[in-house]
Amino acid sequence: MTLTLILEQTFNGLQAGVTLFLVAAGLTLILGIMDVVFLAHGAQVMIGAYAAAAVAAATGNFYIGLFLAIPVTFASGYVLEFLLIRHLYRRDHMEQVLATFGLILFFNELIRIGFGPAALYSDLPRSLSGFVEILPGAPYPIYRLWVILVGLACAIGIHIFVSRTRIGAMVRAGANNPEMTAALGINIKILFRFIFAVGACFAGVAGMMLGPITAVQPGMGEPLLILSLVVIIIGGVGSVRGAFIAAIIVGLIDTLGRVFLPAMLRSVVDQATADGAGPAVASMLVYITMAVVLIFRPTGLFPAKG
Amino acid sequence: MKKAFTIAALAAAITLAPAHAETVKIGYMTTLSGGAGIIGKQMQNAVELALEHKGGKLGGMDADVVFVDDQRKPDVAKQLANRLVKSDRVDVVAGIIWSNLLEAVHKPVTRSDILLISSNAGPSTVAGEGCHKNFFSMSWQNDQTPEAMGKHMQDAGIKSVYLMAPNYQAGKDMLSGFKRYYKGNVKAEVYTKLGQSDFQPELSALRATAPEATMVFQPGGMGINFVKQWKQAGMDGVSKLYQVFTVDGVSLPALKESALGILGTQTWSPDLNNAINNKFVADYKAKFGGYPSFYAAQAYDTILAIDHAIAKSGSKDTDKMRAVLAAGNIPTTRGLLKMNSNHFPIQNIYLRETVKDADGIVTTRVTETVFTDHADSYAAKCKF
Amino acid sequence: MLELHEIETGYGTGQVLFGVSLTVPPGACVSLMGRNGMGKTTTVRAIMGQLPLSAGWISRFGDNHGQRPSFEIARAGIGLVPEGRQIFSNLTVRENLKTFYRLPAGQTGESWNLDRVLALFPRLAERLEHAGSHLSGGEQQMLAIGRALMTNPKLLILDEATEGLAPIIRHQIWECLNLLKQDGQSILIIDKNVDAIAKLADHHYILDKGKVVWQGDSISLMRTPDLKSRYLGV
Amino acid sequence: MSGIRNLIGLVYEGVKDNRLLWLLIIGFALFPIITHFADLPFWNDVAMRIMLLGMAAMGLNLVLGYGGMVSFGHAAFIGIGAYCAGISQFYGITNGWVHLGFSIITCGFAGLVIGYLALRTSGIYFIMITLAFAQMLFFLFVSLEAFGGDDGMSIDRAEFGFIDLYDPLRLYFLIWIALVVVGMGLMFIVRSRFGVTLRAIKSNASRVEAMGLSPLRFKIVGYVISAVVCGIAGTLFASWQEYVSPDIMHWTRSGELMIIIILGGLGTLAGPLLGAIVFLLLEECLPLLLGAAAPAYAENWMILFGPFLIMVVMFGRGGLIGLLSQLQVRRNARSDHRGP
Amino acid sequence: MDKSVLELRNLCKSFGALTVTNDLSFTVEPGEIHALIGPNGAGKTTLIQQIYGAVQPDSGQVFLNGREITGLGVPERVQAGIGRSFQISNVLMDFTVLENAIVAEQARLGQSFRFLRPAFSDKSLKAGASKILSRVGLEDRAMQPASDLAHGERRMLELALALATAPKVLLLDEPMAGAGLEESQRMTEIIDQLRGQVAILLIEHDMDAVFRLADRITVLVEGAIIATGTADDISNSSAVQAAYLGSA
């Protein structure tokens, strides 16, 4: 366990964290402001990844893929809100879970019919492949650094958008007191639809960036969905700042736990038990974290102000 | 379209053949829906190709294949197996990709005195103490392929190796199979989360260990992710990658050039040079576009085995077919396949390298035969 | 400006208003008085389109009496200073003001903007970057009025303009409302402070148990001492 | 003596008030006769799976429908029940009664612990914390190598004394009897003072608190009972499947149970059973139907299934039971109309 | 000398910088109707919440019949003898009127943890429930779903449910709020009939009702008591007039 390794793993955790944040940012607003348990957010990740991979394959240019995928996911979020989600606002959580679960099945199948069941080929653009030495003797893939940077840029972007712009202020006002916001002349319905589409868009960006490093295939968003729900719950529903901190925490815990826990266990118990229990505990670590947080803080670390 | 063919072939057979022609009914279970549907589709293609090659008849009998989709759920598989046995009254149940699904259908089918022929799954339980006389594998026992990998790496004089597999039964089987033949320094044995999509942390840890070689087992989508990330992390300069069931006909279309040069062991390869395999691969490519995977080849072999059993015994009676299959020498894409006492094949295992073919398509090529007539290590425990 | 005709409404099965009629002429300042729970805030909510009417109609700026969503009513030119202030606690003072700035719908005088609001309430200028939740009650009330003015309303509605405030702050608020009135701003005001309201408003309505029980000008209000004890005070 | 007569009276009364539930259960008793004469023995298998999942859904419904607690992790209790059978067999205990007892105790305890911790939260937090516990158990069993890990463990059907479960109808009727017991038990519970209080808590917890009762205690007891019912279903599921694997407690199964309940009718006794019948038959038939209509897309049946679920939410308020009662009302209205 | 039913000693509570209860002490005597009035935001409901146990005071004590109940939770305080109605009608909307009363009756009897006998068809529970309903004159509405009741009837039902726990002191938080003229009058009559049976702490804005009902009135402004006395004392107090009507 050298310092280099720990640093490198911290980078890895950071990268996992910012990706999670991109998915969680929209979802926490959807949950916090509109009070909709939107399980199909993972499908937006998939749509983003497919749009980027398909366009990149057709044009041969990675960046065009990225660029065009943003309006695609925005549109898909906008249309989805209009067609279905707005009818779910006044429903209880259970019905929302059921309807959006149905959406997951639908989207996965639609993609399977449209693009075939096989994973799509998508690779790194030449300009982003290669390595940088983050420490002497520790080359790190440029693309991963790029993901971290884009993720952080998005996080800063979301932060600026929410805390510095007029629309961001409207969003916060709407979250704080929707009736009063409307009474001051803001069209809450359109505002919500916009938030929803932007949230979808960020999930799409996460999908686009994941495309070249993971398999682009139907259902690719679901593992991310569950994890980002965990992030939202830990961070406190509706809090973008909470989502960011929780995403980084979850990313780091998952990454560092996976890599170092078995070794650490080995120093406590015998080899066989450690090898058996290590990966098991590592895969449960995120859920254990969430359960512990909720037991002590039943509304998460940073509950959004009411 | 493909179904239409079967029906047309059947119709033709019915009109041409005299009324007393017998029909053999096969229930073919695989995963057609969901994320793993791609594998099932290839297997279905191969089964239909085999029927086409046999003129819609197996061993002279009209063949009727019922495809069922197990949705990769054990309870659905178990229920479907019962349906095939009790309602459709099939003569043989075949197919099955996943070990856990095989465990779920094993008892209900074998108990009904019907042959169960696996086209892929082969966990140690059904090879050893849990074996049954009515079960046959047309694939391999889980341990066999990594055993070959172990032997190859041992013979190649590789001094240190880093092992990685998902944290589930097959993953553990694979690594213990490998260690049975590899006696060098195992630097670490890492079990990843099942379904994991990002391996960068594991790769970072691996880099820090700097083993001479790395042997992985990451089937399906995990394999695509692993290999991509391996290349992107520049691991080729750190360690040499060996794999089992990670780079195959299913993942290659998504990996393309990034998989070039990777070595793995397998009981089959598209370039195995024998008449049956050449015809199979050529016709598969012509009909469905792209190379078949080993899943497809094994599915094809499964139908050939049933054909062989009926033709040689002249009957679809379970006892008679069983006797023929147990005797071995089944003509398949892997040549004449021998059968072990536990009804698992005794077969060659090859070292394959990922290469580009003449058309520039990425595929695999046999570079070496690691094992000749390799038998699995559980047969001794099997008592019918 | 605003006309309510025999409106009836309530929450769920509980009816609160039983045929309330009320008119605010352009440039006028009209008051609505009554004890707690008599239906004043419910009237305001009905005007703002936050409650559906079960009978009667409301015409705003001569429109066709239809039910409209709240945000359209606000955009048509009604600025609300709600009961309890309802400041956005997670927004700064500046954001509370600037977010809702809108150009005047029909020009009546000098339009409102941040500078002019801050000139009206210098206290707010000192606390521009503070969160809404960190303000005192009086500052919140000023902010609520400023926020409504930023929408450049043709009609300003104040629900409980001075409730729960220290006397000195109340005084400031009344002064500022007087300024607004002199400016020609139409105002509908709800308050319990009879003396102050009699000075400010031209016409008064008193609500009791969901009905208008009295209306008249300031002189008759002050001349009918019985009103105070019957409908307003203790 | 009079106690027994009293009890019979209560049962009679309850059955009379819940005709649909008992019609369905009697239907399951008669079903094997149909399959016998129609020569469709396979459908007995389908019926057993429906009864088992229906039973689990009935258990979940106690917290979901009657208690208003949206638990997204009840598959864990089915899994624990199944593993109680599996692990007992692994250690050579083949007696099914022991399995059931083991399962009831374990699930009751697990329900108590999880319920106690999870019920500190509410709303979406409760949904997620129950999911978290289920996921923990899922990963725990995936990595328990001794019990087959992800591959699961093949087991024999349990021994229930003189009942030989390898006779297919014996297993069928054992499951049926369990269904009767669970149905009867839940029928009594939801009508009892406890059940009424639980429903009152769902309706308005603060009012119940103002009556001097602690809602939390009732919720936890309800949670434990529902965990035990799911555990019983799981234990029998293991015998039916002759196989136990972590797949049985995958999070999608928790979702499936919720779908079954909402489809059938939330907070009704017959709803979950009816929902299980329709849901599993649909799963069985939709691929066939789609295969007949558009053979190339037979395996893409989920493209219909997803929107179907959405439709259930959008238009089927109250689920199938709600739909049935609407029809009933309409028919009554019509017959009133025709009346003299 | 009778002991006070309810006694508050030096109760303090603040939310952040906002002091909602400022060193407050007062008593409710047996059988009296004690009205608590004051402008909105004076801290009346928060005070009720502290007596009821839903909000814990920062300091100070609450006594019921001389026994300290400060640390207890809501259910324990209800069992000890505190009943209440809420500002917004709080009944079991999914149940019928009779069923509402049955739930209250079985709670009173401490029989809610029974699993066998159906509750809604139990004759003795029904009889007890009818008695509860008859106290507020809702017997003839027994089979109506609570959600179908008119607003005033729902308030009656809530009062009945609060009475069902046989409280020693009853906290009524704006029972006339949102009620029409006739409904207010009926409610006033019913509360009047309760005089002497149970001590009542009444928060109400309807001054007609307050003056008619209250034996004593306490005026609360900004979390502190500015006056306590009879109706006449209060209406003649200039301090109260100022707090209510402003003296700007």
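Lettered A, B, C, D and E in written order, each chain numbered from 1.
Definition applied: a residue touches a chain if its C-beta (ideal position, glycine included) is under 8 Å from a C-beta of that chain, and two chains touch if they have at least 3 such contacts.
Remember, predicted model here, so these are calculated numbers, not experimental data.
Counting only chains that touch, the fewest steps needed to get from subunit C to subunit D is 2. Between the contact lists of subunit C and subunit E, the overlap is empty. Within the contact network of the assembly, the step distance from subunit B to subunit C comes to 2. With every chain reduced to the mean of its CA atoms, the largest distance from subunit A is reached by E. Of all chains, the one whose Cα centroid sits at the greatest distance from that of subunit D is C. Mean C-alpha position of subunit D lies 43 Å from that of subunit E.
If you average the CA atoms of subunit A and of subunit D, the two centres end up 33 Å from each other. The distance from the centre of subunit A to the centre of subunit E, with each centre set as the mean of the Cα atoms, comes to 49 Å.
Between the CA-based centres of subunit A and subunit B the separation comes to 36 Å, rounded to the whole angstrom.
Shared contact sites, meaning residues of subunit A that touch two or more other chains, fall at 112, 279-280, 283.
Shown for subunit B are the residues in touch with two or more other chains, namely 37, 41, 167. Touching of two or more other chains is recorded for residues 142-143, 145, 300, 302 of subunit D. Under the touch rule stated earlier, the contacting chain pairs are A-B, A-C, A-D, B-D, C-E, D-E. For subunit B in complex with subunit D, the residues that touch the partner chain are 1, 3-4, 32-33, 37, 40-41, 69, 73-76, 78-79, 82-83, 85-88, 99-100, 103-104, 106-108, 123, 125, 130, 167-170, 172, 194.
Only residues 40-43, 45-46, 49, 142-143, 145, 148-154, 237, 241-243, 245, 247-248, 283, 287, 295-296, 298-302 of subunit D touch subunit B when the two sit together in their complex.
Note for the complex: subunit E touches subunit C at residues 37, 39-41, 89, 148-152, 154, 174, 176-181, 184, 205-207, 222, 234-235, 240-241, 244-248. Interface residues of subunit C, counted against subunit E in their complex, comprise 10-16, 18, 35-37, 83-84, 160, 162-164, 167, 170-171, 174, 191-196, 209-210, 228-229, 232-234. Residue ranges of subunit D in contact with subunit E, taken from their complex: 10, 13-14, 188-189, 191-197, 199-200, 202-204, 206-214, 218, 221.
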